[in-house]
Each structure stands twice: as C-alpha cells, then as structure tokens.
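Paired with subunit B in one complex and with subunit C in the other, subunit A is shared by the two complexes that follow.
So, the complex of A and B:
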C-alpha cells in the first residue's frame, strides 16, 4: 500500500517536471518577443536588446529552463514581465476564483450525473431509455461557450435575475459571491454532465451484467438495493478514474467560462500572459494547473484504495 | 407424495431486434424433496436458461417470455408477481453459479454478502446474523470461519469462494438449490470436494437440487434423476440407473459413448457425436432437432416426436427394437 502510494507520488513529480519543461520550450517557440510587447510603440532595436538582456532572455533556452527550475525549487516563481508583480501573488489572487468555480461545478456535475447514469442503466430496457440517451449525445455535442451565452441572454439580459459577468469574492459578500457564480457553474456543469452520464450509464450497464448482480438477485435483494449496494460502488471505482482523466476538460472548460463571465481566475491570467509573452506568469499558471491535476489524481488513487479492497492489498 | 418441483410445458422465448428464438421448448419434469436432478446437454441447449427460469432471474427482462407452469411447493411461480417472487428467492430457492471468481461482489466482505440473504428474509439482528454466518462458513468447511468472515473475496481461493457461495445459498435453509455447473471453473480435486459437500448438505437439509453439468461422470455419481436436453427440448429423462443402463434416445447414447471411463467397452478411438448443435437464435430445425446429427435418422424424423413413456421418457421415433440396441452403441452392454 505504502509502496503503491510512493510510486504514485514519484510518478506525479516526473509528470510535473515533464509538463513544465514542455510548456517552457513551447512558449519560447511561439513567435513574438516579450521585450517588444513590453515596449510597444517605444520599441527601438537598442531598447529591445537592453530589455531582453535585463529579462535574461539572451541566455540559451536550456540554461533559462535550468534557472527557472532552480528558482522554483527554492520557492521563487519570479516576477511578471508586464506588471512586475511577483508571480506567486498573481497566482494566489487568481487561484481562488478558479478553484471555487471548478470544484463547485465538478461537485454539481457529479451529484447530478452519477444518479442519472445509474437510473438510465437500471432502466435500459424501458421505452424512454433510448430517447434519453440520444438527448445526452446531443448534450455532448453542444459547445460550452454557447450554453454560457444563452444563459446570459435568458437570465441576465431578459429576466435580469443574475449578473452577466464579474466575480464577487466571498470575503466581501457571500450572497453576491453565490449570485456571481450561479451562471458560470451552471455553464461548466452542463458542459461536464453529458459525457459523465454516458460514462456512468455504460459502466453501470456492464456492472449489471456481472455475475455478482445475479447472485444478489438470487438472494432476493430488491432492485433499488442492488443498484445502491452492488452496482453503484462498482461503477464508482471506474468512474472516479474517469473523473480524474476529465480534469483536463474541466480546466480547459474553466478557462472558457472565465473568459465569458469575466472571472479574474487562472484561465484569464494564463491567457493574457500567453498573449503578452509574459513567460514567468505562463510558467506559473502551467505549474499550478499541472500540480492541481497531479494532486487530484493522487487523491483519486487514495479514494480508489478506500473503495476497492484489492487495491489496498497491493 | 406430491413433487416439490413440478415443471409443466415450460417454454422460454427470447425476442431480440424483432427475432423470436425459442430457447426452452416445452420442457416438463418434476423433482421430489431431497432428490438431485441433473440436467445435461451441450453448451447452448437451454440448461442454464431453464435453471434461471426456475428462480426467475430472467422474468424481469422484457426480452424474455416465459409460458407454462413452474409448480413449487403447491404454487405456480410464474403466477407470482415480482415482489412475491423476491420472497422466494434466497429463502426457498437458492442458486449457485458457474464461476465463483465472479459471483461474489469484490468490494464487500464475505460475511456481509452472506448476511445480506439473512437480512432480506429474516428478522435477525446484526449479531445473530454474524453468528449464523460464521456457523454457515464452518458448515461448508471454511477453516477459521470467525476470522475468515471478514475477508474479501480476493483473499479466498476458487474452491473456497464456491464454498462461500454454497454457504450463502444455504443461509435460509432453502428447499431447492439450483447449481449451474458449480464445478466447471474449479480444478479436479476441488470439484470432487464441492460435489461431496453439496451431496452431504442435501441429506442434512433435505433439500432438492437441480444440478446442471455436462459431465456425465458427475451425473452417475450424484444424481437420482437425469434430464438430457438438446436444442431447448428435453429429449430424455428418467431415473439415472434406467437412463444410463438403457438409453432410449440416440443423443443420450452418443453422450454416454463419449465418456472416457475405465468400465467402458474399449474401442480404438473415443467415439464422438458428429456435427454441432443448432444455434437456437438462428431458428429451430424442423422435426426432430437432433436428426441432422443422428446415425439412425429415417423418414419419420421430419415430424417432431412427442415425449413417450411414463417415468423414463424419451422423444424419438425409433422402434422399441432399435432403441434397445442403443445401449450397445453407448458401450454399456457388450455387443
């Protein structure tokens, strides 16, 4: 068990190293010079060269990555090339809205999708099962940003019930915070739910064909109890892994939703940093997203061991 | 004495994508308390479907249609609704399955899975359920049952899992146990132990057993009665001694001839039945379903034969003289 977890942690660290390295070289490959962006209209070749040297961008790429890696390991993420604020501060300010948005959406999606998928699987032979599944397929094909825009049109523009944009921190106004998140969370959850429902449904259908479900029926257990006691936990084992893999979708979905609803989160921070060639901030955002991804998947491995005794035995 | 189980004209039809296939076709048999009936036949002949119909595992699936009568302890099980049937399952009729590796839920402790039956059908409290579970595990020969009760299935070997499944089936002292090839997935020495266990427990509990197998050696060793199925029909049924000594259907004779056994009359090669059984979902052959593979087929076989006989029944057009010759063909009597 300990060895199993240790293996996962080491694997996670290797993943972080690879992802940040890849991001570092990929952003450097993109055309555009940060010094030129910074100077804008005042750019002359001499000034650009001076700033480039000042930012340390005249060094070869591997050396720059080495420096970044050393500084990061020492806890220093550097300062923004644009605002000259410490990257750590920028990340700290942007992280909370994103985490709140992503986590709430994920919880909402899971709470809705898992029971829905189980019920659809249980009733797979009923007449309404097929149309319901088709509806889900349609749901998968609808782009997330379109749903967001439609929600804004309906609830903000026409009904004037909810704000169309902006983010109110919970420290300032709890109710305002909730109101500002209703539409973004709904958008992101609607984006996540269909594929999750489909996955749960397919998995639960295959679990329902397992021999131990026959055993449970031969015991005289009621269908609802079979679903809850035998099918749901076995479905969950695979579904949790799937949710972990879907985190990338969640993160990219959050970026889009943040842009639509003008939420000052990591997505917006990262996108602006890419457009400005603000390398330290790009690296910071990538590191943050990758760490989140690795951490959550580690947590999932732990949960996995909690549910499945066979994993614990390893 | 009225029979415990009295199946009359049971037919099971599977409808899939508009095609109806008759998986079990007009099967009748009866079984007294404490008796073992073996159902034998090749894969896909309807043995398992028949067994699952008895306990009603396929009745809620809208693709299956069941007709006929399954008389059990005086009531027709097919006339019960699902809620009433659920009270029978696990308490009066229990079932164990072919593969003990997959028939236990991997996420629950052995004890909890056995306890579930008791929770469904008795008013016992948690402590009483645990005590009864440990007692059951001891009865089926699990060593250290008091600690093993908290194990998970993956900590049990295949043979032990099947023992746990038997304990689960016995929990409410059912009067009928259905065992669908309970030893097929086990190694040979374990097979013998499990069969001996089932045989011992049926005497102890006085329960009837429907045992599905394709091992005729098992039938000879354990069964009181045997039913041979072919293409969804009962082609021959009767007391084991009668059927084995004087098979009345060429298919039974063919099966008997193909047992590799020491007391068999030796031939240079082990005889086998030519061809393969029909796939029932692709439509049933006209007349006698076995005739394309039968060495004795003649003109009459175009028509479907009925079950003949009283206690020892058979479904064949051959004359008495020709049928008497089948025992020689089966290698039971020297030619």
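So, the complex of A and C:
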C-alpha cells in the first residue's frame, strides 16, 4: 500500500516537473527580452542590462529554471504582459468558474453514465442493445463544441429559455448562476457521457462473467440484486481509474466550452494569452491546470486504494 | 485487444478485408469513401472558389447555385467543406505518422527487449497517457505560431502512448513464440528480429489504433481550429467554419448544422471503420 502510493506520488511529481519545465522553456525561449518589455519606453541599454541581471536573465537556463521554480513555489508567478495584473490574481479569479463548470459536468456525467452502462450490460442480449451501441459510437464521434452550438440554437435562439453566453457568479445571483451554467454543463456532460457509458458497459459485462456472479445466480439472487450488490461495486472501482484517465479530456473539453459560452475561466484566460503571446499567463495557466490534473489523479489513486482491499493489500 | 496477435497468423494478406468491411459496416465504407474522395479530389470537385468572398450572397440557405448554402462572407459552403476534408486528412496523416512512428518504435523496443528500457518506457507512457492534449497544444502554439502542423504535432504527441501500449503488448506476446525462437536460432540479432519478424505481425492492431486515433485527429483539428489555434483564415477547416457559424446561429443555423453533420460523419466513419477492422482481426480474417 505504502509502496503503491509512493510510486504514484513520484510519478505525479515527475509529470509536474516535466510540465513546469516545458512551460518554463516555452517562455524562456520565446522572442523578446522580458527586461525590455518591463521597462517599456524607459528602456536604455544600461537599464536593460541592470534589470536583466536583477531578474537573473543573464544566468544559464538550468539556473534560471531553478530561480523560476523557487519564485513559483513562493506564489510569485509574474505579471501579465497585456493587462499588467499579477498572474496569480488572474488565475485566482478564473479558477472558480472553471472548477464549478468541470466538477458539475463530471458529476452529471457520472450520475447518468454509470446506471446507463450497467443497464446496457445487463440487457446486452436484448434487441435494442445493438442500436444502443451504435448510438454510443455516434455520441463519441460528434464534436462536443458542435453539440454546444446546437443547444444554443435550440434553447437560446428558438425557445429563448436560457442565455447563450456569459457567466453569473453565484455570489451575485444564485439562480442566475445556475441558469448561466445549464447549457455549458449539458454540453460538457454530453461530451463525457458516451465514452463513459461504453467503458462501464464493457467492464460490467466482464464482471457479469465472473464466477461469483454465477454463484449468486445459482443461489437464486434476483438479477437486479446481483447488478447492485456484485456487479456495480466491482465495476465502479475500475471506472474510477478510467475517470482519472478521462480527466485530460474533461480539461480540454472545459476550455472549448468556456470559449463557446464566454465563461471567464482558466481555459479562456489561457487561450487569449496564447493568441496575445502573453507568456507569463500561458505559463501560469499551464502550471495550474497540470497541477490540478496531477493532484486529482493522485486523489483518485488514493480513493482507489481505500475502496478496493485488493489494492491495499499490495 | 489482447488476443489480436495470437489470432493473426504470421503471414496474412488482407484479401477479403474490403468485402468483409462492406458486409460488416457499409456505413463506415461509405463515409470513409466520401471523405477520401473529398480529400483527394476536393479542389477539382469544388463547384466554386474556396476563398473568394461575395458579400451580396452571404449566409444563404441551400439553393441550386450553392447546394449547401453560403457562409457569412458569401463563400460556397460545399466547396469549403471539400477543402476542410483535405485539411482533416492532413491532420490524420500528421497525427498517425508522429504517433505511429514514435509510439510503435518505443513499444516495440520496450516489449521486445524488456528489462530497464521496458520499465522506463512503461512508466513514461503511463504518465503521458491521458495528459490534457489542450495544454500541450497551448504550449506548442505559444512557442511557435498557430498553424495546422503545430496544432497537430501536439495531438500526434498525445497519440504516442496509444501506439506504444499496443505495440508493446503485441511484442511481449510474440517474444517467445516458435518462429521468433527459430529466427534467434538462425543467428538473427534482437533488433533485426523486432524489425523483420515482430513488426509485420502487429500491422493489424496498429491499423485499428490508426483508425481510432485518426478519428481523434480529425476531432482535434476541428476543436483546435475552432479555438483559433489551428488552421488560420481564410483557409477552410471544419473548426474554423464552425467558429464563423457561431456568430450567426440566430440568423442562419443551417450553416452550423451542415458543417457539424459533415465533420461528425467523417469522425463516425473512421470510428466505425476501426470497430469493423478490429472485428475482422478478431475473427482471423474470415
């Protein structure tokens, strides 16, 4: 158990190290001297040289990476080249909408996909099993952002029920917050559900072939009880790992959904920073998203170890 | 997936593959066929220019002149869809080339040689697998410029773990089979065995992965171009067309619907093709 967790923590740290390295070098290699940018029209060659030395920019890259890492750990992420606000403040403001969107969508997707997958596995020999599988393949193939556009056409343009863009913070108006999130969350959930259903269905079918399921059946346990008591828990354990793997998909999906619905989250912040070549912000967003990705994966591994005694025993 | 290698005999020509695919999944063959024809012959088939604007004919619905209507700048949607198919095919090729070459080489060496190399490659693949592609794309596009190639390099990197996983597991299964031992007995070196004995036997599973990752490539090309990180205007692409369509959903929703159906059709075709080829291999090509 300890070894298992230790391995996970080390793996997570390696990922973070690689990603922060990548984010750092993306900025370090970018054209333009940050000292000159900082000084603006007050720049003289002497001043640029002084600031360059002050910022440590005359040092070799590995040392600069060390300095950057230290500053980052202290929470000093630099200043945006465009808005001149501290990157840490920009990230803090953008984090909440993103987390609210991603978490709500994930919960909605899981709550819908797991029962659906179990029912499909249980009824895999019914006539409607094949069309249901085809529907899942279609769901996997349709781009999520197009689903978002179609939801806007239906609910905002035609029915005029929900806003097509914008985000209302819950501190300002709770009902408005919910209304502003219905379409984005639906879009992101529809994006996540098909592959999750497919995974749960395949896993549950293999669990249904286990000996203990045969034993339960032989004892005369009702099919529904077998599904709930034996199949569901065993399927769930594997599904949690799968959700960890899908986290990257969730993050990527959230970026696209934020852009469609003009949600002022991390995705939109990062995207605008890329297109404006605002490197400190790009760095901050990549750092934050990667840290979140690694942290949640670690949390999932921990949960996995806690609910499955077979992992704990290792 | 795991029994693919054992059911694929060492030398097999895919003689009946097309026949099987047409019987098993005619929709896949139809969709991928249309995609290929559009990607290869698009520029000759296009009834109008892909880039010439005509504001007096903007945002029209389907008509006899413009079969699928026009976009906000009055360009013919059908012609631009044909151009988009070509862009999607380029995306497919870049991603499958990067993922296929690097991923297969890594998996082949790791699975075939084992030892420390296998340990390192497996860990790296495990860590990279599932890492948000969008972050890789953001870093690459921030470093260089938004373009189809740069965006697709990010997606290709994300495809490496898929190819590495499959080729590694096939290599491990084959490592100690009789025909490999025979080659070893004849004095062939390990690298040579991997190249000329093991690699040809994993072509089937690799084609399946290429089909699924190719579908992902088309999806990602559309997504990244939609975000402005891929194909740049005025060049057509499924994603950039949908981006243009978003601003006019209230005026001409047909534009967004047509483009979405087209890109979904391409991705669906590739996914169904992957399923069908996988079935074909599972049945030993019968």
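Criterion: the second predicted complex is superposed on the first by the 268 of 314 C-alpha atoms of A that agree within 3 Å, B and C clash if a C-alpha of one lies under 4 Å from a C-alpha of the other, contacts with A are read in each partner's own complex, and residues count from 1 in each chain.
Definition applied: a residue touches a chain if its C-beta (ideal position, glycine included) is under 8 Å from a C-beta of that chain, and two chains touch if they have at least 3 such contacts.
Note that the structure is predicted; figures quoted are calculated from it, not measured.
Using the superposition on subunit A, tell me whether subunit B and subunit C clash or fit.
Once both complexes are aligned on subunit A, subunit B and subunit C fit side by side.
Examine A:307 and indicate which partner it touches, taking first as subunit B and second as subunit C; both and neither are also allowed.
After superposition on chain A, A:307 lies in contact with subunit B alone.
Which partner chains sit in contact with A:244 here, subunit B, subunit C, both or neither? Use first/second/both/neither.
second
Considering only touches as defined above, state whether A:220 meets subunit B (first), subunit C (second), both or neither.
Only subunit B is touched by A:220; subunit C is not.
After lining up the shared chain so the two structures overlap, which partner does A:277 touch, if you call subunit B first and subunit C second: first, second, both or neither?
A:277 sits against subunit C, while subunit B stays out of touch.
Who touches more of subunit A, subunit B or subunit C?
For subunit A, the partner with the higher number of touched residues is C.
Touch check for A:290: first (subunit B), second (subunit C), both, or neither?
After superposition on chain A, A:290 lies in contact with subunit C alone.
Would you check which partner chain A:146 touches, where first means subunit B only, second means subunit C only, and both and neither mean what they say?
Second partner only, subunit C.
Between subunit B and subunit C, what is the tightest CA to CA spacing in Å in the combined model?
13
List the residues of subunit A that touch subunit B in one complex and subunit C in the other.
After superposing on chain A, no subunit A residue contacts both subunit B and subunit C.
What does subunit A use to touch subunit B in their complex?
Contact set of subunit A toward subunit B: 125, 210-212, 214-223, 229-230, 233-234, 237, 307-310, 313.
Which residues of subunit C touch subunit A once you look at their complex with the stated criterion?
123, 126-127, 129-135, 138-139, 141-143, 146, 215, 219, 222-223, 226-229, 242, 245-246, 249-250, 253, 256-257, 259-260, 263-264, 267-268, 271-272, 275
Subunit C touches which residues of subunit A in the complex?
Subunit A residues touching subunit C: 11, 14-15, 19, 22-23, 26, 29-30, 137-138, 140-146, 149-150, 152-153, 156-157, 164, 244-249, 251-252, 255-256, 259-260, 267, 270-271, 273-275, 277, 279, 282, 285-286, 289-290, 293.
Looking at the complex, which residues from subunit B come into contact with subunit A?
Residues of subunit B touching subunit A: 55, 57, 60-63, 86-91, 94-95, 97, 99, 102-108, 113, 116-117, 120-121, 152, 154-155, 165, 168.
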